[in-house]
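Each of the next two complexes has chain A plus one more chain, namely chain B in the first and chain C in the second.
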Partner chain A sequence: MGKRVAICAVSQIKMDSDYWYMRFQNMLLPCLESIVEQTGVTFDLEKGIRDIITNSDDVFDARTISNNGVTDVVGAHFRGEEKMAQEGINGLGYAMASILSGHDDVILFMGHCKESQTENRLMNTNLAFDPFYTRPLGLDFLNASAFQAREYMKKSGVTDEHLAKVVVRSRKNAKKNPNAIESKQVTLKEVMKSPLLADPIRQLHQWPVTDWAFGMLLCCEERAKEFTDNPVWLTGFGNCMDSFFLGDKDLTSNFSLKKASERAYKMAGIKDPKRDFDVVELKDLFAYQLPMWAEGVGIVDENKGGEWIDGDGPDKQNVNLSGGMLSGSPLLLGGVARTIECVLQLRGEAGKRQVKGAKRAIAQGTYGAAGQHQAVVILEK
Partner chain B sequence: MAEYFGVKVEDIFNTMQERFRPEGAQGVDASFGYDITGEGKWKLTVRDEKMTIEQTGDLSGCAVVTVTDGETFVGVNIGKVDGMSAFSSGKFKAEGDLGALGKTAKMFRKFVPLKKEMSIRDYLMDMFGTVASRFKAGAAEGVDVVFAFDLGGEYGGKWSVIIKDKTCRVIDRIEGKPTVKLEFMDAKDYVDFSLGKIDAQSLLAAGRAAVAGEINLALKWAEFFDKYVDPMGSGEKEQELLVLKKTISVEQRYATGPVMGKFLNGLKDKKIIGLKCSGCGKIMLPAVEVCADCRVRASEWVEVGPKGQVRYMEYVYYASPDPLTGETRETPYGMLNILLDGCKGNETFAHLVRRDQIDRIQNGWNEASGTRVRPVWSKNRTGSIHDIEYFEIDE
Partner chain C sequence: MKQEFDKTDCFTMNGKLALPYTYFAGRVGSTFITTIRDQKKIMGVRCDKCSKVFIPPRQTCEKCFSDIRENWVDLQNTGVVTNFTVVRYDGKHLPRKAPFVLALVKLDGADTPFVHILEGIEPEKVEVGMRVEAVFAKETTNTILDIDHFAPVKERVQVIERPTSPEKPGKAALSKDEMERLERRKAMSNKVIITAALSGAATMKNQNPNVPYTPQDFAEEAAKCFKAGAAMVHVHAREDGGMATHEHARIKTTHDAIKDKTPELIVNLSSAVGMGKTAEQRISQIVHVKPEMASLNTNTMNFSIVERKSGKIFLDYVFENTFTMLQDFGKAMEENGVKPEIECYDMGGLDNTLIIMNQGFFTTPMNFNFVWGVAGGQAFRPDAFIAMKNALPPHANFTTCGVGTDEFPCITLSCMLGGHMRVGLEDNIRTPKGDLAKGSFELVEWAVRIAEIFGRVPATPDEAREIMGLRKR
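Coming up: the complex of A and B.
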């Protein structure tokens, strides 16, 4: 195993379904101020922050080339700024590459997403499809996922009731997470009676529209003590991009997630994913994705998603104790939100949902239609 | 009339009627003149979504007259010459209202030159006719060789390509003993081979071609000559090259937050307000949350202007169109950076200047003061940059 990268501090604003009174600059500033306060880091060109990674996407910002408005509020003026429009979890990979290659010692990583600003949430993900063939047919992440959900549920014995269980459990966990925006308790019956959006996906099976921003300070192993007494180590990262056209891939194979996990596990020396993690955070945009991604990262045997839910697998393996995506996180940043949750757990700062003595965690993020792109990070105490 | 890129100037004008798009001519009521040096003058008149084109010596009454030479005119129309570079190099001039000229682009479908079919004989003539122009003299230092071509079949013939003293010439016969001789049973095979449709190996194996003399030299052909380019293009039919129109529009709202909101509300009240950095004292205009230099929040609101002096002004002749309507503002127009009263250094504010005053504006620079200007407020103010229509000279 090579050198480790330290996550010295994380910051976030509370998730909200509509920050109508803030523009994204107003959301990012408190995150930056919190990082500076927690770590004492400066923008000194010798010892401080010289390189910043920012994460945003025009489509959520209601303006084109929106990341030109980010630079000043993340302190990137006269500094290097890498701008990324991709599932935020990849920023950890870039930060890791930057630090382990010796390009820089300290990386500030900031991101934001305002899902609330679009008239209809489906318009955003419809734009993710090619403009000539599939976008005009009305494909979006909801109905693309329904393709996958139907096939996956058949393959892994997952029923409508299993999905309801996933939702009920998420809401229960969300109650212990002050950052969650969807913690209203629901019953199995309510979930199973909620309207079908694209069979088998129901209204209550999907993640809520969320506005959110975060900050993170990462640095090389040698300098971590300058910024924190309680570092969390980033020991593995892997990502993989599957075919763009939905029909070009096997929708239930979990190919890209398996590849991403394999790469991260190799880097971090993970031998048995079923036992090696104390905390697991998965980006379940839709309820069916909780068991499906669990199979993909290998904490559940292939095709055993249904049995896993029946046997209280999610509780036994501490999966999504935060409530997961279903309790709130924006599409662009779900993987970072999962990572930050793992960091809080490993630092012992997870409040009522704290797993005692948590030593190692895995966070997963996905972007694109039906899990096209997948990324995984391994975090250790 | 001369041909440029295989197209005559009059071809462009004669096809205007069939290329006319009434939907692109909505609201246009004007004449457009074309003065093509050495070719003639044409007048296009557009009214009520109808058009007429006439060749005439009289271009009076035209909103704009395009003055250029035949090659540039045809080149720009068929996409062989870049319009912007022709414009900036002065080869393509427009006298009058440039904005009006821009409208003509939307009124016509693109001119597509008619393609003539090329026979095997045409190809052979073209291939050997362009050999000398494709010759790379620099690669032929000390080379003294003769390539002979003996092409059979109905359209065949004999050619020799002679390289000597870094020059190249082509004759339509074979003399004496060439250095290397290429024989093709059928000239069509040679044409296909040159166009990359068939490979030499399979022709040789099938006995449809043979090489005699210094075989290695035959392989060196590509070192001495640029590749032959098919004048018929890739062979794609023009109709298959579609242009798809796409306008992407998603209904969204943009939350301004308190700082941008206060600034825009100020404009509504005919006030220009900036935020002052508590660290360095710089005034951010329009107001933003943070001082980029000091990385601290700015919290002290200051009202500046509304009068000020011009720091920079520029003349714009080529205006960016509105992305949704395609409309362009009238040119020339002047963009300003104004140092509003109460501001210093680079704390300037960007806006437009009254169009009829652009020639009277002086830039302020170091000790020299720029022209004093004042805002002209819009009657109907909504909290936008257009709440100020433009700045005018304060006199």
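Coming up: the complex of A and C.
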């Protein structure tokens, strides 16, 4: 890969459990203004933004063509505007393809999601299942993940206590992250006593209800200096989809994540994922997913998730210093939130959680039932 | 970024988005759902190339992209829990109030589990590996909920209607291993298994002096038969004086003598033993000796000695084989790794088996023997033979034997139709020329000649094991 794609700026609003008093347009506007302020980018049709990718979901917005409501606030009139209706991390892959193919030099990427306003966000995920065989049974992303959790924990020696450690650590780390959801510190005991939601997943093992919006400016290598002195390079992207029906796939094989990683690593020239990353951000919707995805991207040996937690692997390898998904982000935007955290780290703007001299990072996103879809991006300083 | 908002007088309104909609299930989905609804039967589709049975069904194999929409297979309504979760939260999308159990259930005959509700058990007692069965909805929902839920299988013995009609045998659902075995069997379709029935219970030395009585006799005769081309011997052990015996020690000594001299041979013991034996005497020796194979009789019938020409009755005897015995003997054999050779003396015996097999304990492939010419059973007729062959369950093997002059006509037809052959002094004491046979081995030699005429090759014992699905020893 000869050419690189630059991330020139990122912006976000603080994650919150209930922005009932803000319309999603309100959430996006400060993100856009921040991007303009940071980069000086314009909407000039010759030199400025001509193509915009938005990320939102009809079901979470309870309307059709959810991007229709944001066209004006993201400056998309008379411009190209495309919507990523899936895990936002794929918007980065799409932006990358647009730039590397020469479709455009500069891409504005904006997204929003409010999980707080639906009566039950799990009900939204029930719609991801087919109407004949699985939706009537009430499958959602929580109970489908519970099947995976049971098998994975058995396979990798992960216990209820390990999961509690993951949750306690997430909240501790999130204290240093001003953008994370504010939640109280918990003890191992509290986590282990929190009610079971879908065995073996407990209430405190689950990602918190989150409303959030973000902005990002990407451009081709040649023009990066017009917008920033501190670019972060998007050097690898890969994604993959596993089988739809839970019974068709090996729930613990990490098939799609391994494939996605393989592709991204090849593109970015990653040889040894255990050593090559200074920062790792994984989309742990549920506590068991932190070690499981760590195995999937290859920073932990297969079946060693339990030992990894015991040996403080997450700290040693700088995994989810932000608090991760367990400290906030809407389901739809989790992979982008992880990416933005990596960008802040590589730019040296991660405040109290800054990893000194961070040069290379990986962010992962997943969507669908029990990690069906997986995507990863590689970012470099 | 600063986010300071004045929240006074902020107004919210409640949306009530509901979207009643009619979804077409597709042709494959329609067949699946309507079969559950109308026949209380669950079907999957099989990819022949990948040897995988999928449920829910689909039109195309996700692995190899073969079109599999026509490859319907019947699955059992029973299966095993491979994974589960207890849903302890409520939601409008959930089909039950919390707590309730969602389980991954792998139906018998399927290769992929699918999700369903599990009821009739405390959530705390659910275990991976437990057996469950489908409970069908009283009224259709036109969804997967036409199976209302699964419940633990209750231990029971009951006779249920068989799912496939004998005129049109459906494809039985097979596991991947079974399918691979089937493929290997197909590759051996020109192999013919010749069985030598060395003695029976009734043929005596005064009829043919070569009938074996002692373990030594049996061992020598079996070795000759093996050399002549037999892959299996069928044995009723005798006392030194020639009486058929149910004594465990004598039967085991006879069995072992044969195996010691010719380790390759398959020994098939009789579970009929001889006249006047109790059910316990008949099955306990099988469980004791655990031969690779044993006969399993399917019908209570007259089993008499009657002179054909005059109609004069020499000995009248009722051979008792009730449904319960068919069930209990069959289960005992399968549980002890003894493959049943299912003896059918007429279509009734075959029909009995087709009913009992719905209990699901018979392993695939099933092996049948059509027996002709017993006084009390039916005489050999080619059309009756073909009718029985056509009534066999999917993937079954068949062999045949006939009493007296029925022997060679029936094995010839079997050989022509792709079946196997049994000869021996138990059934017939003479060669086709009318001479007293020098032993069962001479009759085996004749069977080999018949096979040659039809271009078939005698199977080795190991090939016979493969074909009949015997466990590896």
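The criterion applied here is as follows: the second predicted complex is superposed on the first by the 378 of 381 C-alpha atoms of A that agree within 3 Å, B and C clash if a C-alpha of one lies under 4 Å from a C-alpha of the other, contacts with A are read in each partner's own complex, and residues count from 1 in each chain.
The rule is short, and it goes like this: a contact is a pair of C-beta atoms (placed from the backbone, for glycine too) under 8 Å apart; a residue touches a chain by one contact, two chains touch by 3 or more.
What you see is a predicted model, and the numbers here were worked out from it, not measured in a lab.
In the superposition on chain A, A:283 makes contact with neither chain B nor chain C.
With both structures placed on the common chain, the touch criterion links A:114 to chain B but leaves chain C unconnected. When both complexes are overlaid on chain A, the residue A:29 reaches chain B alone and has no touch with chain C. Counting residues of chain A touched by each partner, chain B versus chain C, the larger count belongs to C.
Contacts of A:11 after superposition: chain C is touched, whereas chain B is not reached.
Contacts of A:139 after superposition on the shared chain: chain C is touched, whereas chain B is not.
When the two structures are aligned on the shared chain, A:72 is found in touch with chain B, with no touch to chain C. When the two structures are aligned on the shared chain, A:243 is found in touch with chain C, with no touch to chain B.
In the superposition on chain A, A:43 makes contact with chain B only, while chain C stays out of contact range.
Shared contact residues on chain A (touching chain B in one structure, chain C in the other): 20-22, 26, 62, 119-120, 123, 131-132.
Across the complex, chain C meets chain A through its residues 1, 3, 5, 7, 10, 12, 15, 17, 23, 25, 29, 33, 54-56, 62, 83-89, 91-96, 102, 104, 106, 112-117, 123, 141, 143-145. In the complex of the two chains, the chain B residues touching chain A come out as 244, 246, 248, 250-260, 288-290, 292-293, 295, 297.
Of all the residues in chain A, the ones that touch chain C in their complex are 11-14, 20-22, 26, 30-31, 34, 62, 119-120, 122-123, 126, 131-140, 142-143, 146-147, 150-151, 195-201, 243, 245-248, 251. Partner chain B is touched in their complex by these residues of chain A: 19-23, 25-26, 29, 43, 59, 61-63, 71-73, 75, 77, 114, 117-120, 123-124, 127, 131-132.
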